[in-house]
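Each of the next two complexes has chain A plus one more chain, namely chain B in the first and chain C in the second.
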Partner chain A sequence: MLFVSYEFIAFTIILFVLYYLLPKKWQWPLLLIASYAFYWFASPYYLIFIGTTTVTAFIAGYLMEKAQDKTDLAIKNAKADGTYSTDLKKSLKAKAKASKWKILLVSMIFNLGILAVTKYTNFVITNINKFLAEGSALKAVDLIIPMGISFYTFQTVGYLIDTYRGTVKAEKNIFKLALFVSFFPQLVQGPISRYGDLSKTLYSEHSFSEKGFTSGLIRILWGYFKKVVIADRIITAVTSLIGDTDLYQGAFVMIAMFFYAFELYCDFTGGIDITIGIAQCLGITVKENFDLPYFSKNIKEYWNRWHITMGSWFTDYIFYPLSVDKNMLKLSKWSREHLGKFWGKRLTVYISAFIVWLATGVWHGAAWNFIVWGLMNFAVIMISQEFEPLYEKFHKKFGFKNKAWYGVFEILRTIFLMSLIRMFDCYRDVPMTFKMVGTMFTKFNVKIFSDGSLLHLGISGADYIVLAAGLVIILCVSIYKYRSKKDIRETLYENPWIWYGAMAFLLIVTLLFGAYGHGYDATQFIYNQF
Partner chain B sequence: MRKRIIALITVAVITVLVLVILSYLVMPKYMKGIIEGSFTSEYYEDTAPHEVLFIGDCELYENVSTVELYRQYGISSYTRGNSQQLVWHSYYMLEDALRYETPKVVVFNVFSLKYNEPRSETYNRMALDGMRWSRTKVDAINASMTADENFIEYVFPFLRFHSRWQELKKTDFEYMFHRDPVSINGYYLRADVRPLTELPDPKTLTDPALGSNAMGYLQRMTDLCKEKGITLILVKSPITYPHWYPEWDEQVRSFADANGLTYINCLNNIDEIGIDWSHDTYDGGEHLNIYGAEKFADYLGGYLVSNCDLTDYRNVPEVASIWAEKETMYDDVLQQQLAELEEYGELMSYGKNAIE
Partner chain C sequence: MDEIIAILKELHPDVDYETNTSLVDDRIIDSFDIISIVAEIDDRLDVQIPAEEIIPENFNSAKALADLVARLEDED
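Let's look at the complex of A and B:
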């Protein structure tokens, strides 16, 4: 059941009605049933995977909690019978930490193992085969890749680590945990929620609120507008452009790059808008995943604004633990002593960042293009960081930094750089990407902008007008948020005519100009595959 | 809160209105060029009683002149036919017609029995969009949908046709809220002539058995007619291409015998009908023009009046007056086509030249 399907819309409407008609104590169990039904529609086999992840996470959480409780009780008893000492406390805590660590490790290996086996086995086989003789090549295996496995596995691992760290209490009701793991709007493309955030509203009882519900509806419509009016219209041209690498070179590659950048933006943010909108209609708060990424002035800022929950997941669960790991600290010390101040400061940061970006690339897909894409991000961020003092000197001398035009230049530069790196995702072939990007700088076929070539990419002149109008609307809404630092809905809500008028406008425009229905392939969200 | 409720209701009403108007605008009109999509809905406008209903595909609606049947025999008939109307379409066209009237005779053209599965969304839409909503229409849609169709797009055709905003023509605005008749009691008149020259050799049949789904609907049609006391006659129109195989003919004949039905394979009676392939077809033998359609109507009418107890409606003034209008339209359309043929050598307001 795709988000862009009549079945999904009917499913969601029925859920909304039942959610507010049934007694409030049945709201979260209803969501669990709906989430499992949603997953069952995709494939009943998927339930085995998500069920296994839920059960193992529940057991691991329970055992870690029990180990912690046992230690707390021992400390309390020691205090009561007078045997308490700081050393005893330290020893008990260390013991609890060790046993919790074992539980965490086993559960993480198990769940990340499922992810690795289902998603990466064939990638490994393909690469091993490159070193084997033709006759002894390993056969690819036919494995089910459960929908959204990367998202729910990361969410579950986040829960386990938080339980281990004691930042959240282990969930005592397995059905509640099952809902956290499987909450259907975010199951297929995130955001990657934290248990501590989502559980605050996921299990609560919610009364119908006109403001909350209609705000959610507008968000949903906004998401569909971006997805079916923009992304699913522009995808035709992108598919044509990347499909014929002999024909579409030079300036065509530049067009493909920007088209893909906006397709991905509208596709991914549109999907997240639908997710957050549905949750909002249900009274549930899901963390924002985007904060005007195309207004970023550098790549580091971009990654703080794009796919925020994934970035913060990698930061909190990989980068920071790596940075403070005993061995890393030792390496840092060693490098300071043997390699000097410069490398002493940087080596461990570089290693940690390298691992994070490698993992980010691998998380996105079992292919070299994603790995190279991740490492390109790493390289650009590190180089930018190294050049920072040089930039400072430059700005000091010329004083451009606070000029509005320079801000715009920085934004455009970031969009260009990110779009360029994303070409690895676009062509999905590393040598081909280098070759095609190379033609951008060697083949000067700028006449394609005037000779009508752009009208032969599967989209008509009228489509271009719709795309341009759609992008202008998105830009206006984004600029409003960028300048006022507030969601445009807050302003629109004040006048009910504008509020409901905006809703009607989005509905009509999406229904009329959307690329959906018979004659269009139901285009899956790009991030569903991760 | 009151202000918000008023705003909500007002905007909701306006939104529905806009969507309804847009829906009327983007729906294909089938008024010029490809007109077949108008046939189904035209049936409901006809006020004359019908003692004979022709049910089938283009082998009926282009090959039998309903006006000729009236003129020569006083038969008041209607052809519920559509382009590539498959047997389940035909069954539901009949079931739908029986909601409004009970004819004495139903003539079903058997050619579509060769198809056992839904084939084309385009033809489904042309046949079914014009049908009035009823349980029959729901069943017809469910029986006809191809794998990539969705029922809701029949309920809200806007969802199917919204992308036509890019291809709107003058006729889409002109015929938003009304339609002109394009057939004469289901007959699609063509006066141009393109002789049959050569036909391709028939392909070898890999599986000669007519499909169980198709034959199942023929059985249902037979049972329905029996239940209503209607005489069902099976015919194979006198069209030689696409090929009608002897193996299929044999199976239909066996079915007719087993169910006590008459089956007339008109391919065996082409000389008796008097079809002149150099003059009576407008597209090289695939469909008859008015000259062929009148000959075929004369032949069928002769059989019908001899074997079925039919009323001569020429003697029923209230029906005759309705048919007089149809005759006028028939003659006008014929004259218009003849004038175009004389002026341009081909039809300009009909067929492929008229597609906008």
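Let's look at the complex of A and C:
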């Protein structure tokens, strides 16, 4: 059931009606039934995978909590019978930590193992076959990759680590945990929620609120507008441009790069708008996944604003634990003593960041292009980090830093760089990407902007007008948020005519200008494949 | 507290660490800075900050960081 389908819209409307008509205590169980039904519609087999992940996470959480409770009780008893000492407390805590660690490790290996086997087996086989003779090549395996497995596995592993750390209490009701793992609006493409955040509103009883519900509806419509009016329209041109690498070189590659940047932005942020909007209609708060990413002034900032929940997942669960690990701190100390101040401060940061970006690339897909894409991000971030003192000197001398035009330049530079790196995602072939990007600098076919070539990419002049108008609307809304630091809905809500007018406008524009009749079906979201 | 401010000053000398209480929220210090701080604290004060303590609330100000270090020292 695609987000962009009549079935999904009908499904959501029925859910909304039942959610507010049934007694409030039935709200979260209803969401669980709806989430499992949503997954069942995609494929009944998927339920086996998500069910297994839920059951194992529940057991692991329960056992870790039990180990902790046992220790707390032992400390309490020791205090009561006078045998308490700091050393005893330390030893009991260390024992609890060791047994919790074992449970965490087994449950993580099991669940990440399912993800690895389903998603990466064929990638490994293909790469092994490169070293084998043709006759002895291994056969690719026909494996099901459950929908959203990367998202729900990461969400579950986050829950397990938080329980291990004691930052959240283990969920005692398996059905509640099942809802956390499977909450349907975020199954398709995230955000990757934390149990501590989502559980605050997921299981509560919610009364209907006109403001909350209509605010959610506007967010949903805004998401559909971005997805079906922009992303599903421009995809035709992107597919044409990427599809014929002999014909579309030079300036065409530049166009493909910017079109893809626009498509991906509208596709991914639009999908997340639908997710967060549905949750808001249900009274549930889902963490934001974007904060005006295309207004970032450097790549590091971009990664703080784009796919925020994935970035913070990697930072909190891989980057920090790796960086503050005892052995890493030892290495840090050693490098300070033996490699001098420069490398002493950098070595461990470089190692941790390299591993995180490698993992980020692998998470996106089982292909070399994603790995190279991840490492390119790593390289650019590190290079810009090293250049920072130089930039500071430059700014002190010329005083550009606070000039508005320089801010715009920094934003455009970041968009260009990010779009360039993303070409690996576009062509999905590393040597081909290098070749095509190379033609941007060697083939000067600028005449394509005036000879009508751009009208032969599968989109008409009218489509270009719709895309340009869409870009202007998105820019206006974004600039408003950037300058005022508040969501435009807060202002629109002040006047009911404007509020409901905006809703009607988005609905009509999406119905009239959605890319439905272009000879292709509504497409799946790009991030659904990850 | 003085040692903590000295560590922070080495990273960003222009920031007023006595008054600023949103170092992480305002993106004045980032994840790279945080692990440098953790390594420096381990080195100079012999206090190990575990990963679960690396949350914005503990790094938003010099005082919060000093409180964290004091708490970890106590627990030891």
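Throughout what follows, the second predicted complex is superposed on the first by the 527 of 530 C-alpha atoms of A that agree within 3 Å, B and C clash if a C-alpha of one lies under 4 Å from a C-alpha of the other, contacts with A are read in each partner's own complex, and residues count from 1 in each chain.
Here, contacts are C-beta pairs under 8 Å (C-beta built on N, C-alpha and C of every residue); 3 or more make two chains touch, one makes a residue touch a chain.
Bear in mind the structure is a predicted one, so any value in this text is a computation, not a measurement.
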{"item": "Which superposed partner A:L512 touches (first chain B, second chain C, both, neither)", "value": "first"}
{"item": "First (chain B), second (chain C), both or neither touched by A:T201", "value": "neither"}
{"item": "First, second, both or neither for A:Y500, with chain B first and chain C second", "value": "first"}
{"item": "Which of chain B and chain C A:V349 touches, first, second, both or neither", "value": "second"}
{"item": "Which of chain B and chain C A:E210 touches, first, second, both or neither", "value": "first"}
{"item": "Partner chain in contact with A:S478 - chain B first, chain C second, else both or neither", "value": "neither"}
{"item": "Contacts of A:N122 with chain B and chain C, given as first, second, both or neither", "value": "neither"}
{"item": "First (chain B), second (chain C), both or neither touched by A:T245", "value": "neither"}
{"item": "Common interface residues of chain A - those touching chain B in one complex and chain C in the other", "value": "none"}
{"item": "Complex contacts: residues of chain C adjacent to chain A", "value": "27, 30-32, 34-36, 38-39, 42-43, 48-52, 54"}
{"item": "Chain A - residues contacting chain B, complex", "value": "6, 210, 460, 462-463, 496-497, 499-501, 503-504, 507-508, 511-520"}
{"item": "Chain C-facing residues of chain A, complex", "value": "165-167, 300-301, 304, 315-316, 319-321, 323-324, 326, 329, 332-333, 336, 345, 348-349, 352-353, 385"}
{"item": "Interfacial residue positions of chain B with respect to chain A in the complex", "value": "3-4, 6-8, 10-12, 14-15, 18-19, 22, 121, 148-150, 152-153, 158-160, 162-163, 165-166"}
